[in-house]
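Two complexes follow with subunit A in common, the first pairing it with subunit B and the second with subunit C.
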Partner chain A sequence: MSTERDILITEVALRDGSHAIAHQYTVEQVKKVAKALGEANVPYIEVAHGDGLGGSTLQYGLSRTNEMELIEAAVSVCGDSKVAVLVLPGIGTITDLKQAVSIGAKMARVATHVTEADVSAQHLSKAKEMGLETVGFLMMSHMAPVEKLVEQAKLMESYGADTVYMVDSAGALLPHQVKERVRALRQNLQVNVGFHGHNNLSLAMANTLAAIEEGAQRIDGSIRCLGAGAGNTQTEVLIAVLENMGIKTGIDLYKLMDTAEEVIAPLLQSPQEITRDNLVLGYAGVYSSFLLHAQRASKKYGIDSRDILIELGRRKVVGGQEDMIVDVADELARQRKAN
Partner chain B sequence: MSTERDILITEVALRDGSHAIAHQYTVEQVKKVAKALGEANVPYIEVAHGDGLGGSTLQYGLSRTNEMELIEAAVSVCGDSKVAVLVLPGIGTITDLKQAVSIGAKMARVATHVTEADVSAQHLSKAKEMGLETVGFLMMSHMAPVEKLVEQAKLMESYGADTVYMVDSAGALLPHQVKERVRALRQNLQVNVGFHGHNNLSLAMANTLAAIEEGAQRIDGSIRCLGAGAGNTQTEVLIAVLENMGIKTGIDLYKLMDTAEEVIAPLLQSPQEITRDNLVLGYAGVYSSFLLHAQRASKKYGIDSRDILIELGRRKVVGGQEDMIVDVADELARQRKAN
Partner chain C sequence: MSKVKVAVLGSGNIGTDLMYKLARSNVLELTTMIGIDPESDGLARARGLGYETIDNGLPGFLERPELADIVFDATSAKAHVRHAKALREAGKMAVDLTPAAVGALVVPTVNIREHLEKDNINLITCGGQATIPIVHAVSRVSPVQYAEIVATISSKSAGPGTRANIDEFTVTTAHGIEKIGGAAKGRAIIILNPAEPPILMRDTVYTLVDPERMDEQAIRKSISDMAKDIQTYVPGYRLRTEPIIEGNKVTVFVEVEGAGDYLPKYSGNLDIMTAAAVKVAEEFALHKLSQTVK
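So, the complex of A and B:
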């Protein structure tokens, strides 16, 4: 039986959601979730460390269970659903990808910062050689102007991506910005366009609908909002909204609602709310890893950590430039003294 | 010092939020919240039982503290902010309203079902006589076609409403439906248009932006989502989003964020999430009071309570018609047997 689907959903609770539970998934939990998602007819289920294959490190947080065991567990129970893996070049290797494929992963999503698509070339082409479906995943998309985003997406297309995702990692984009970007991607790419949103500004659903309106064909969701920061577009809610709009996903809404309530909610260490910290990250449009550094600098220089984060967002500081945080705090403190 | 405001915000956590904490507000809590909201320069603060003045009954839930004490407490500490009260004709009386005014309430919001604006005539005209700012509040707006909504809004305007609100009580409206409705109201009313949303479909923020885009000048929010069902448009997040869009509310964002985190979050008995029950209510577009009845009928007739609620939504069943729930369950059970 073939299923009619206008939009292809990828469920990311077993990858992005890993951040929300400090990478503590067990084989038992992953089996329960993946089985339920398979029964609800979710087409793609992403499984990996929150920072992708190989992410289990002191720097990114150690996983309780080896991710290959989790991928194998998901594959064993998810029926017709396909298991996807995320991989960030520099963290996850081709060897990691090969291993994931050998145990049943069917899709590789290769993620880079929005201005660094060139580092995805080898991973995307190797994934294609292995016969995988391929996705190029442009993170922190709000940081690049539209033309730059399109240029980088075209690079990923040239490396063999079947779909290019615009990823609003900080949950910072506004609906009109999503529309403008997805429209430009659709006009300039031959391949499919996807959207992955975060809810830090309570706009994940609005942005997802904006992306669909402009022709995005693939959408990520996390059931019960189980994702980094304030979580992602809440999958079971999205399916309900799309049903009310007459857009088909092929997913069984009742089964998904039951899974959210009975399987996912009990896993959550604390429910996904828009807290002050998550809101600030979305408002400033910066990496979540900056938060703690900014709070430390705030104490040292007597500047509100929010002012520091907003200034970092203005300067489009990226991961790896954490030393800029102290510079900015120092500069703001001098300015205040001078005024 | 006058404050420039493109949009006038009414904070409803001390009224709609009363539902979320089973009407257990104390004088101490209300003082703390209202003081903080006043310091953040929030123009209007609504204080009352969740179902409006006089709502403290066995039927709607007993308040821990007499609402007049809570109103008085809010007025005493909220500085330049104005205290608003909600009143539903049939529950709250003109006498209740007079008492609220005598202790400092400055705005009356008179609420009726979207097709029953005629019952607001007396309350609105008396409120006007008392020198109050007046709002007509059309609840369950998704249940009426656009023409009906406009007709009812015009009635409220004729009774003396300074603003008419479109209220998405069940959190059931989609952004394009909000746009269509607000546009029609703006075209047909002389007075201001407001919007009050709920987040059952994760669309409160999207719908609020849609309403503003079409010219709504007044918006309700609840800090930390503290409202009935899945809560309202989260006020502090809305202010952040509007700042990023260049729309002025005159509200101090940092103070509001701090209030949400430090004053409101500790009050919540459980955080505001989109649970299965809340999602079903938004998806079906029915009254929250139907939920328990539908779950009971589900057990008796062996029909999924969601199917019952969706059918009730299709038939646009309203509060007071709870006997229809059993009829619908019985009918669905017979249909299944026949098939």
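So, the complex of A and C:
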């Protein structure tokens, strides 16, 4: 098996995909997926609640299965692949991270809003101390100008991140914006640069290729688009595209296609596609995991979910502010009653 | 009415805001501002307002201990550990606004009466001051199995101390939700939002109530009463909507607008800390004065 890799792929379906299935993963499902990904030689597999370690809350949705059990399950079957975990300071703690490491997690991805990198200092340096590979994850990158993104990325680099990701959490960035951001990051950082996209505007693949063209060395994908909103860059498609471009990922395309078709597709209640709500996430620049929450609030308050999402975008709500969804829906419903 | 003399230790944003709030108190008499930088805006303002100013920190105050009986510590957690010891030895009562948590954890509307004899009081966190009373409001009428709070504050109002120790915020607040709020299990989340103009502090409180012993009407009344109690010392504390009750889940949305004394109005998270500190000291002063009368 070829293990030469020009680009290192992280498969996020077992973390980002948790949003799409309302955090209902079971140990059996995770084992099946992680085993298949390991056999396809995917280098990194991210496993956690969609909002990272400790995300199982009333705010974000309770996990059906304790994420530590899911991490343990993935570690037990994924072979040479490494299990990564996500942690959002303010939600998950260093204690959670230590527990994940004790059961076999090898990479810590520490995520903050694009302007708030300094809350990751403690978590990144502790992760480094524990001997983990470290990633700084700057979410909602579309909300800050390029200079700000670079400044914040440099902070994460200084805290000990081995890679800094530019994360398009809303799937709102256009290819030329991805290019200028990745270019600036590559010019200013010593460490690796990564890109994590969402397909809400059908641009995840185009944006990923733009990022690679500008020198990004790490890319996230979700198999069968199993991620929040319309999903991420579809991993098996990306591997095929990169092969045709002569870029090696070391991943077995056939095995990955089989996994998508035979293991992932049956998990989905409906295929991941760009519905009108998903489209609006990207259009309004709203955190992709707001999708199901907005749909629930829409039902409860009788307000078009698109109106809720657009209002959230207008208010510049950031990732993690799921409580604003009901708050805004309630306010819109009262305004309409008053009119 | 005679007043109890107080001093503020720390002439930064928090200390200076405290200075303005204390000027309005009927039971506390601010005499002294203690800092370490004679050029600081806080000390300059204090001089301008005619207060004693000390610019060599706590040691300077301890040379003139007659200046105050209660000292507010608005420095840092690390410094407070040292200050706490020195103040105790000098027989001074300390109201600690840092996350040091050396003394008893207090939310004025909930448990101040249990701690009126203590010499050191800690105010937990801003998120705790805003949300623990609501958890308590529910738990005092129906048992709370689980409470979870989400505090969202503007990035501009999150100081370097909070940012460097964000786990400390979530862990300490969760502990307060259980110990003081009365929830069997507590969780806390903090979110920073960089929007301009800066957002007001927002807090969401979720509680899961024992469905067998849930009294919806009593819960609604208790929450509304509690909000009124808090408004007596934090006028900008508001419930954004009626509590939302679905099954055994009670959701409360809170907004905290600051008084705008020295800190900007959006930083309700800081305002609720300084306001709670003054409230705690006033309760102590009243207690002390009532004992003197006897």
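The criterion applied here is as follows: the second predicted complex is superposed on the first by the 285 of 339 C-alpha atoms of A that agree within 3 Å, B and C clash if a C-alpha of one lies under 4 Å from a C-alpha of the other, contacts with A are read in each partner's own complex, and residues count from 1 in each chain.
In the analysis below, contacts are C-beta pairs under 8 Å (C-beta built on N, C-alpha and C of every residue); 3 or more make two chains touch, one makes a residue touch a chain.
Note that the coordinates shown come from a computational prediction; the quantities given were computed from them, not determined experimentally.
J.: Identify the partner contact of A:Asp304: answer first if only subunit B is touched, second if only subunit C is, both if each is, neither if none is.
T.: first
J.: On the A-aligned overlay, A:Leu201 touches which partner chain: subunit B = first, subunit C = second, or both, or neither?
T.: first
J.: Regarding the shared-chain residue A:Pro271, is it in contact with subunit B (first), subunit C (second), both, or neither?
T.: A:Pro271 sits against subunit B, while subunit C stays out of touch.
J.: Of the two partner chains, subunit B (first) and subunit C (second), which one does A:Ser18 touch, if any: first, second, both, or neither?
T.: neither
J.: Could you tell me if A:Glu236 is touching subunit B, subunit C, both of them or neither one (first, second, both, neither)?
T.: first
J.: Touching A:Ser288, do we find subunit B (first), subunit C (second), both, or neither?
T.: It touches nothing on subunit B or subunit C.
J.: Just checking: does A:Asn41 make contact with subunit B only, subunit C only, both, or neither of them? Give me first, second, both or neither.
T.: The answer is neither, since A:Asn41 touches no partner chain.
J.: Any idea whether subunit B or subunit C touches more of subunit A?
T.: Answer, by number of touched residues of subunit A: B.
J.: Scan A:Gln321 for contacts with subunit B and subunit C and give back first, second, both or neither.
T.: In the superposition, A:Gln321 touches subunit C alone.
J.: Under the definition above, what is the set of subunit C residues touching subunit A in their complex?
T.: Touch list, subunit C to subunit A: 146, 148, 150, 152, 155, 160, 163-167, 169-171, 187, 189-195, 202, 204, 206, 208, 240-241, 244, 249, 251, 253.
J.: So in the complex, the part of subunit B that touches subunit A is made up of which residues?
T.: Of all residues in subunit B, those touching subunit A are 174-175, 199, 201-206, 209, 224-225, 233-234, 236-238, 240-241, 243-245, 254, 257-258, 260-261, 265, 270-276, 279-280, 282-283, 304, 306.
J.: Where on subunit A is subunit C touching in the complex?
T.: Checking each residue of subunit A against subunit C gives 57-59, 89-91, 93-95, 113, 115-116, 118-119, 121-122, 143, 315-318, 320-321, 323-324, 326-327, 330-331, 334.
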